[in-house]
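For clarity, chains are labelled A, B and C in written order, and residue numbers in each chain start from 1.
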Amino acid sequence: MARSLGELAAEFGCELIGEPSATVSRVATLADAGDGHLSFCADSAYLELLRNTRATAVILRSTDVEQCPVAALITDNPYLVYARIAVALHPEPAPVVGVHETAAVSASATISSSAEISRNAVICDDALIGDDVVVGPGAVVGPRCKLGKGTRILANATLVQDVTVGERCLIHPGAIVGSDGFGNVQGENGWEKLPQIGGVRIGDDVEIGANTTIDRGALADTVIGKGVRIDNLVQIAHNVQIGDHTAIAAQVGIAGSTVVGKRCKFAGQAGIVGHINICDDVIVAGKTVISKHVTEPGFYAGSIPGEPHKDWKRKVARFRRLGDLTDRVTALEQRDKSTKTASSDDE
Amino acid sequence: MARSLGELAAEFGCELIGEPSATVSRVATLADAGDGHLSFCADSAYLELLRNTRATAVILRSTDVEQCPVAALITDNPYLVYARIAVALHPEPAPVVGVHETAAVSASATISSSAEISRNAVICDDALIGDDVVVGPGAVVGPRCKLGKGTRILANATLVQDVTVGERCLIHPGAIVGSDGFGNVQGENGWEKLPQIGGVRIGDDVEIGANTTIDRGALADTVIGKGVRIDNLVQIAHNVQIGDHTAIAAQVGIAGSTVVGKRCKFAGQAGIVGHINICDDVIVAGKTVISKHVTEPGFYAGSIPGEPHKDWKRKVARFRRLGDLTDRVTALEQRDKSTKTASSDDE
Amino acid sequence: MARSLGELAAEFGCELIGEPSATVSRVATLADAGDGHLSFCADSAYLELLRNTRATAVILRSTDVEQCPVAALITDNPYLVYARIAVALHPEPAPVVGVHETAAVSASATISSSAEISRNAVICDDALIGDDVVVGPGAVVGPRCKLGKGTRILANATLVQDVTVGERCLIHPGAIVGSDGFGNVQGENGWEKLPQIGGVRIGDDVEIGANTTIDRGALADTVIGKGVRIDNLVQIAHNVQIGDHTAIAAQVGIAGSTVVGKRCKFAGQAGIVGHINICDDVIVAGKTVISKHVTEPGFYAGSIPGEPHKDWKRKVARFRRLGDLTDRVTALEQRDKSTKTASSDDE
């Protein structure tokens, strides 16, 4: 979608240095951009690329405008303005309104006339599909699920049952929301199933990654706050609550009944145990295990980066012998003390 | 499904304190329960909630009955009885018997007349679908798969081929059972594929979580024992054998040909290397790596919980300098010894 | 598919000791093999099994032929020859050519007349399906995806959009290729989405595991080199580049924009941070975190195997007190030095 620089400057609150009638139709990196492309420079590390760019225009800070060989859209926050203009230039395709003839829809489901139900999608009993919703090819919307205005459920994703999704959410392919929690009780002859009867409630503007799994609550609901961002292959167990605007990177696991605050950020492969509370504004490093309540905002870590195997092997051996080393230090201290005592005796 | 307390007491072997004709129709937590709800108290930590509950009845131990302001179902194992009554009050919906008109079924498949084949499900050649089986929307049952009585394969799950599933199993949405193992042989021009021709055999009463993957065997079958419980996003590689009643939490990975005993419990994100044996009754802590045979039952661990980054950074730095510290201790010991020697010489 | 030993010896360059007209129809392990089965012995650890095998023939090195009680196919690389003969004996089923009546195909898609589009598969707008391609049941090929000759996309897998796949690739069930990268920009009122407009380019002879996720690029493409092997539940983030013939085991995560060299091998659950370069021929141990550029080929490690909990707990406690231990050593050194100084003063 081509837009003129003049329009973009006005709409996104930038100062324009350049020809207002010039148009851009897509975004690109400083290095790759060519004619009709818009790029951005948010970091002085890229000034060399900026000086050589062949973009039609670049979004940047006023301090970098001298280095820019082409038209400039000046703003204090180039990255954010870039994201917004990228949305304008690359809008999601409009829903192909209607129920595709290959989709299978229960007679008891309610579907807005502005929604798209794609090829081979399935809408089960008593589901409620709001305005402008898209249900992608092969996606399944289970019994009693409710999808708010503008939400999109992409290909082969599944809302199992009793999942309420807010407005403008984006659920990526293969994600499973509302599956049973892992509830097992020891019986005389092995595990017995603890029925999982809660649902999942998802706020507005939430994004859930590909093949991520979010379990329904055992009794009460699992809750995902508004504006939460969840990456691919994440596990959210039953009765977890995630605060607004928290971001969770790929392959993180959060065990049952844990309550996560607002604006937290969990890096990839972190593991959060069950039944704990994590306060607002907690950042967790990649692969870190959080095993206790966290009551102070801040940055938490717990992984040790890898290194060449022969060095690592030696470190692990020393770690294993830390008990010996401690004993040796204690022995030295005792000899030192007895020496001193002896020496004091001498005096 | 409403049931009277009298009936429930008789059926589940509880002593009833209260009006036998009172009915309950669902389970709820002590805090949330209201009229017509049944709750439970299995832990004295919840006695305060018990004293204030508005449930119609509570399942509890005789020792707690004095604290209970409402009807009580008394048993020695409140949690287990609660699970069983919850199953009775919240039964799985009965199969909608028959093949939905949007399902695609091979002419060579055999389908029990009491089974449900849901919307857009696919049943491939030579599959065998037993009595009371449910194949959920979009699920795929591949060639030569066999599903025992009462087993349910939920939405968008896939049994790839040659998967034999016992009775009363529950395979959650998005799970993949019977995919090729990761078999690669180094050729002159890169990897060559080692054909995977085994199947997967799954015992009775097994539960497999959402988006979990279980590979077929390379030659012999991958085997999941009866009563095994597997959570979401777990990886079980080719030729693994899992003993009866073992429970595996989310995001655990078990590499190829490993044999796991009975009644083991693996916590989330643990990693078990290939080609090892783990005996019965082994418990593995979250994120722990098991890299060798385990021949003794018991609790194994291998992860270090995270902490504030500035503290952790210091600990990692000290870990890295453990070699230096060891050298310093050795130097002290040598000086200590030479001092002693010198001092002995003196004497 | 039965083949005579004479044919196999000629086709795969082996010396045959035995009757050329004897036939084998499947591969099996030395222990399980019976009449009509072909086995292999690539490791002298299995000589006892070799001596007792009831296979019709065994592939082995000339040095082991004396131990073989049955026909022998002699080669320098028994494992590779075994893999190749296994492919010959167990070929993938030929495509069931044509578009199944339950598949849903866009009018703008182009489909080779030799391709198989299975039950309930979906082919979206402007997709291009090459010769001999198989699109499995419930699989979705999104807009503008291109599949090269002989590639197979298995059940319920999804190519989201703008994914170009080479020839002879194998994409396993539930895999998601081309989902949005995790691109979020901090706005005044929470996260804003950074549109992801790149695609994914996959070379020839690539295998992608079940429920693995590979994100599309933010601007440029995510790139998977030729001959790459990716196991199940792996996360490949946006703009990652994987060099030819690299193998990635289950549950590995590779964060955004990282460039991985050729012929690398990453073991299960490893985590590679974003924006780094890893050179060719790097091997990473299971669960290891790689947090910096790797410029030297070799074997890297960073995880500590688990052990009995009571031992591990003690080790972790000592690790936590490493600062104290260091202080104690420093104190001993200072006393030692002052003793020495004092003692020097004495002299």
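Criterion: a residue touches a chain if its C-beta (ideal position, glycine included) is under 8 Å from a C-beta of that chain, and two chains touch if they have at least 3 such contacts.
Note that the structure is a prediction, hence the values are computed from the model and not measured.
Because chain B and chain C carry the same sequence, their contact can be compared by residue number, and under half of the numbers here are used by both.
Taking CA atoms, the transformation carrying chain A onto chain C includes a rotation by 120°, reported to the nearest 5. Once the centre of each chain is set as its mean CA position, chain B and chain C turn out to be 25 Å apart.
Counting only residues that touch two or more partner chains, chain A has 102, 120, 138, 156, 174, 211, 233, 251, 269, 287, 303-304, 319, 322, 325, 329, 332, 336, 339. Listed in rising order, the residues of chain B touching chain C in the complex are 102, 104, 120, 122, 124, 138, 140, 142, 156, 158, 160, 174, 176, 179-180, 182-187, 189-195, 197, 211, 213, 215, 219-220, 233, 235, 237, 251, 253, 255, 269, 271, 273, 284-285, 287-292, 296, 298-304, 314-315, 318-319, 321-322, 325, 328-329, 332, 335-336, 339. Put simply, chain C touches chain B in their complex at residues 26-29, 32, 79-80, 82-84, 86-87, 90, 100, 102, 118-120, 136-138, 154-156, 170, 172-174, 205, 207, 209-211, 226-227, 229, 231-233, 244-245, 247, 249-251, 268-269, 286-287, 303-309, 312-313, 316, 319-320, 322-323, 325-326, 329, 332-333, 336, 339-340.
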